[in-house]
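Okay, so here's the structure we're looking at.
We call the chains A, B, C, D and E, going by the order they appear; numbering starts again at 1 in every chain.
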Amino acid sequence: MDFDFGSLLAFIIFGVTIGVVYGIVALGISLIYSGLDIVHFAHGEIYMFGAFLGLVLSQQIGIPYPGAMIGAMILAALLGMFIERVFYRRLTRSGGGYTVSGMGMIICGFGMSVALMNVAFLIWGADAEPFPVDFGIEPLEINDISIPPSYLLTAVVSLCLMGILNYFLRYTKIGLAVRAVAHNKDIAFLMGINVPLFISLIFGLACALAAAAGVLVGPMQSVQVEMGYLMLMKAFAAAVVGGFGSLPGALIGGILVGIFENLGAAYISASHKDIYAFLLLILVLMYRPAGLFGIVAKVKA
Amino acid sequence: MALLETRGLSKSFGGLKAVSGVDLKVQPGTVHGLIGPNGSGKSTFFNLVTGVYQPDPGSHIEFDGHDITNLQAHGIAALGMARTFQLLRLFSEMTVLENVMVGNHCKTSYGIVESLLGTSRVRQADQNMKEEMLDLLEFIGLANFADIPAGELSGGQRRLLALGRAIAMKPKLLLLDEPGAGLSPVNVDKLMETILGLKERYELTVVVVEHILKVVMSTCETISVLDHGQKIAEGPPEMIKNDHAVIEAYLGRELPDDEIRNAIRGQ
Amino acid sequence: MISFITNFASAIESLAKIHRLLPWVIAYILLLFLPNLITATFGEYYVDLANRCCLFILLAVGLNIVKGFCGQVTVGHIGLYAIGAVTSALLAQNYGLPFWLSAPLAILVTCCAGLVVGLPSVRLEGAYLALATLGLGESVRIMIAVTPALGSSTGIMMIPAPTIGDYVIESFDHYFYLVMTAAIIGIYFSFVILNSSTGRAFKAIREDVIAASVSGINVPFYKLLAFVISAIYAGLAGALFAHMPPGYLHHNNFTVIEMVTLLLMVVLGGIGNIWGGVVGAIVVTVIYDQTKDYYFYQPLIFGITMVFLVVFMPRGIGGVIEQAIVKRKFIEKHEEQNLGTS
Amino acid sequence: MLNIKEVHSGYGKLKILRGINLNVPQGGVVALLGGNGTGKSTLLKTISGLVPVMEGSIEFDGQIISGKKPHEIVRSGLVQVTQSKEAYPAMTVEENLMLGAYTRSDSSVVRADLERVYEFFPVLRQRRKVLSGTLSGGEVQMLVIGRGLMAKPKMLMLDEPSAALAPKVVLEIFSNIYKISQTGVTILIVEQNVRMALLLAQYAYIIRDGVIMIEGSAEDLINDPSVKDSFLGGTVANTKKSLNS
Amino acid sequence: MRNWTKFLAGLAAGGFVLSATAALADEIRVGITMRMVSENGQKYGQMVMDEIGLINEAGGINGHQIKATLMNDECKSDKGVANANKLIFQEKVHLLIGSTCSSVSLPIVDVTAKAQVPQIIPHSTNSQITQKGSAWVFRVPVSGRFYAGVNAKYVGENIGKKIAYICAADAASQNDCDAMQAQMKSQHGADPAYVAQVQEKEVDFRTHMQKIKSAGVDGIMVAALAETMSRALIQSYEAGIGTDVRRIGSSSASNAPVPKISGDAVKGVFYAAAYSNADTRPIAKLFNQMVKDRYGIHAPDHDFSQAYDLIRIVEIALNNSDLKLTNSSLAADRTAIRDAIANVKNYQGLASGPISFCAAATPQCRDGNKTPVLIAYKKGGEAFETEVLARVNMPEDFGL
């Protein structure tokens, strides 16, 4: 295989543009982890629901794309909050307070993932649905590399979302409370924060992020019931690489996973593409469980 | 020769020095007390000695002639060191008998492969161990509860079981972390009696961390005092009582009540 | 129902007092008649179903050892199953080894793989461990899917059925004797393990790692041991699956959905409960088969069942019965005590 | 102000408090004393709603608060100050303080109150932009008390403010608590350091095994030999006594 | 002892939902296992069931009703084998139809061979299915080996020899891809310009497209299932590969989701299939209309036509076989049906060419349709349009 810097650059750009999407899903997983102490195995399905909701809103109801995205985010957030309230909350309670111990939550997450996927299957069927959106922008040409508008937009919107979230968490009163709840629920309670509400809020926020990712990816890869699983794996890898609970970590983790798998697919073997993400995940877990940026990662005893 | 000896034992978490440079010797056959205010490093000391934490470089721990500085917890336990926890840490879904049998794990006389195959020798050995352990439960007064899950026991019984589990290891050295916490004075006295009885019966050396000074003063032959991770005094109870450093640093300045009251009220 | 089961349990206990293996031998002899009984009652096909039940029993019991006894959350079990199946199939096909050689070798290979899948458990816990094992299990499947030598897209075909002398074990009922024997031995040994020092060490690790380690239990070693033992079960089940007529393996037999089904079996039966795992495996396999006509809603119902089980019946069927038995023992004890004191 | 009647509570199956009666008058300083594992922290958590009440009732400021959620109780003016280690180490000092004012919507007054807290604890003003994880033990204790004050409480409950602090710092903290009580805030202080607590408080309860064993005015208790002898181990109050015994 | 048996029987009865074991005599029992997950997959199965219903309504076969049992195999081999076992040993079917997926049909071939049940396959193209040498298997669709020959001939003669391949890892696509490469080599001596082996459900092809773009090829062969292929087609345009580079599809390109998802990107894509909805024969027009009316599908793909042809062939064969349909004559009836199917010669239905079977257990005899048709998309979207480029009769042992 010839090696030239032009195509290397291209592969890196491809990795980054999809990596930011992994990043925002990972961010949601990370948020849920710090807020509820659970790794949410059904998050891929929320992402899938988000994509479908965006599709319905934009293609069937005819809401313009940005509106459809916001709508999908809100609906997915409501869906997530409903799931959290009805199912996960009971498990967290039986574990005492809002922390969960043991494998119940993990199994519940898997069950929820199967259930949600099949609900979507009953509603929308198993076939992929096209999600054509006309962004009205020309593809960006760098040398020989052509970056379609959907990817450009994805990268920009993802970064914006990240920025907004960062601002929200850092500089607003509610954001302060979210951070307080994420870090220690008992103290947050004693500060007069309505912790159960905020846990729902965190969950909803994470689901909204996943939905945004779904609506962003939809136009690039079409929308299908099965799309969640792969994204979940990549997002897990991103969250682990970046370190659970670290906001910039999730983004950088996502980008790293994106670049890693694209370079692997380009230079080693394309058919093993998904294994690269797993490999990264396992390596990081084994040698740096707190992730590359997880300074405040919680070590569970 | 000391049964347990630490030299320059240190441990820091982040920047915080939980234990720094502690030299300690525990003579065989004695009851050794370890006191100090909350957060003075007593529990960390226990965790270091028993291998739950790895000490910082430069530390040295010797137990019964072995260097155990970098051994893992199970290796140290196998050499004959047992401990209890302040929060007990019982195996609450296992029965009382199983709890003490786990304690006896190191004394298992058969190999792992054998245990997986369930040979007759294994069953015989298990039967013997069971009888021995029931005997121990009898001694600490829990024999009636042998096949009840440990989680169902009452508070006092749990403390006894935790003690029993440690004794089941047939240790040379027993480390007790606040055995009397939460017990009423009468029960504390009873517990101390049981501990001393066990010490005689199983020829133990005991190190005890305790808040109730009366207990420590009356049962220990030697007392070490920790403060901010450092050993500030060591000796027999009489000496500790009158040690200037202890009174000064650990017990606080002995001001009269009124003076303190005035200081508080800013007068 | 529960009182019936408790009576049944005590009847078996009294049998076991005569000789420890007596209930097992009786059960085994009775099960030898099962194919005939099934064929007469329901038809030949249900023997095939029973074979699949036995495979899942092996898998569920094996998973229970690492998950229920030792408390390690693994989601990579299906990968071990795949390794056992593919190894045995390739050995039989490429080197012409008979089943009786290829299966033990496959188990050996699976054990090594189990060690690898278990390695993360030394450093990781809970969700992190689940993620790592999920990654490893999926990597195994993807490797099979993309490597032509391991079957890739067309799968491994025409894996020879086990033979004894010239006789080929390929009919449903004869294969049943094979898998049933494996399942019974598997269940028996899982009881042996549970009641041995090793089993106690597993449970101690599940309950409290630190307390276990200061009690002298080599925690990393026993964690790995649990993974290796469960790998033996998975490898055996895999080999039996591979050689089961028509002898065909495809990577899509080992997806995450299969792993979720396996989890459902263990959860339904009660995590850490051996008979629960057995019952869970049978119930799920049979219900799955019997509801095939409702394939449209089947996975949905499976998912929802799993969620509701975890939320509302976390101890599963086995746990409920176990509690009932323990309660009964308590009552008996109290009565004895009351009689003694009065 | 706070009226606790026959309260039972605990975690799951485990019952820790078995019939607690306790009364804190308006504007008073009351101490709750006991050793490790006696149930005093559980009582505090029960009052602030973190642990559910199994039996009995808790009345605060004329309202029944047992059964309410912790955040509702905080809004009614009863604020618990957690143990010193429980600040938010990844937040700055000022963020921590602002978190204390979370329940309040009067942002201009909050600003003024922040100034007031800084005046109370000048060291916090110096370190306002510093992550609270880097503070010393005494500073963190001041921070959590200040954070409690930011909620503009009617009553403040303090959980072992002296824990793991040097005697000199303890004195400083206690004198600050006294100053706070002088501003009209009712105070319930939970302590192991019996002597200091008795010197600060007007009235005290001694808890053991989930029940109140002794109660009485601080003056009486400090001179009561039975208190020193049988109940309070490892504290400044009785060390001298046991040393001389 | 008796109690034990009773207990076990009771336990078993409690767990099982009793299903009828003694099947009714005087019925022709047909078992179908298909992938009933995708939208079209469901409709293929539905159409098979509907057609059988119509036959029954019209009086059945020689006065016998057909009892059809449809099962879902989710395109998973273990489920497919379980279905086949159930249909054969429980339902005691005379004829097994299925499966749609190559990876499921492959093991079922062994099951039916051993149980001696005729099996007829609606649309699995993997060449190995008939190469296994089972005397009980028949394939209605065109085998993958023929598709490759046609594609390679057309590509080599009309497009060029520098072809890049994107091959997804499912049984049918992998087979198509490998066969195509082999044909390009043997017909034109052309080595592949670039080969990307990707996973079955790959979503991101940009890396490959970038490489293909810089390799400067004449055509890109995308061998993948419908969704995967559509994504690759779209992304090939996004990467800036112009229309001068032709896109070649594998046979799944005929499936309706491809034009639907790909939209404009499908224009100009050509592929070999067994049926074109642009077919102008009256029977084809009628069929197109029927599918449109009944299932609301704009235009049937070749899997529809093959399922339809299959039922017609089954109807012919059943009509020609002498069936006793008693409980004891099961084996004889199965053999009779097999022989009757083997005797179907020169069936002219929707399929691109005549379908003939014969008795020998060879691919030559059992790959019924040997006439692939080259089709190109003229328009994408839901209302897609196609055109026929060529119709080629292949020699029966081509590609073996």
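Everything that follows uses one rule, which is that a residue touches a chain if its C-beta (ideal position, glycine included) is under 8 Å from a C-beta of that chain, and two chains touch if they have at least 3 such contacts.
Being a predicted model, the structure only gives us computed values, none of them experimental.
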{"item": "Each chain counted as touching subunit D and subunit E at once", "value": "A"}
{"item": "Most distant chain from subunit D by Cα centroid", "value": "E"}
{"item": "Interchain centroid distance [CA atoms averaged], subunit C/subunit E, Å", "value": "36"}
{"item": "Cα-centroid distance, subunit B relative to subunit D, in whole angstrom", "value": "31"}
{"item": "Distance between the centres, which are taken as Cα means, of subunit D and subunit C, whole angstrom", "value": "53"}
{"item": "Set of subunit A residues in contact with two or more other chains", "value": "121, 269, 271, 274"}
{"item": "Subunit C residues counted as touching two or more neighbouring chains", "value": "142, 146, 210, 296"}
{"item": "Each pair of chains that touches, named by its two labels", "value": "A-C, A-D, A-E, B-C, B-D, C-E"}
{"item": "Sites on subunit C touched by subunit A in the complex", "value": "67, 71, 73, 75, 119-120, 123-128, 130-132, 134-136, 138-139, 142-143, 146, 210, 256-257, 260, 263-264, 267, 271, 296-297, 299-300, 302-307, 309-312, 314"}
{"item": "Residue ranges of subunit D in contact with subunit B within the complex", "value": "35-38, 163-164, 167, 171, 174-175, 178-179, 192, 195-196, 199-200, 208-209, 222, 229-231, 233-234, 236, 238-240, 242-245"}
{"item": "Parts of subunit A lying in touch with subunit C, wherever the complex brings them together", "value": "33, 38-39, 41, 87, 90-91, 94, 101-108, 110-119, 121-122, 229, 233, 236-237, 240, 269, 271-272, 274-275, 278-279, 281-282, 285-286, 289, 300-301"}
{"item": "Subunit E contact footprint on subunit A (complex, rising order)", "value": "6-7, 10-11, 14, 18, 121, 125-130, 132, 139, 141, 144-146, 148, 150, 221-222, 224, 226-227, 230, 262, 265-266, 269-271, 273-274"}
{"item": "Residue ranges of subunit E in contact with subunit A within the complex", "value": "37-41, 169, 196-199, 201-204, 206-208, 210-211, 213-214, 226-227, 230-231, 234, 238-240, 257, 260-263"}
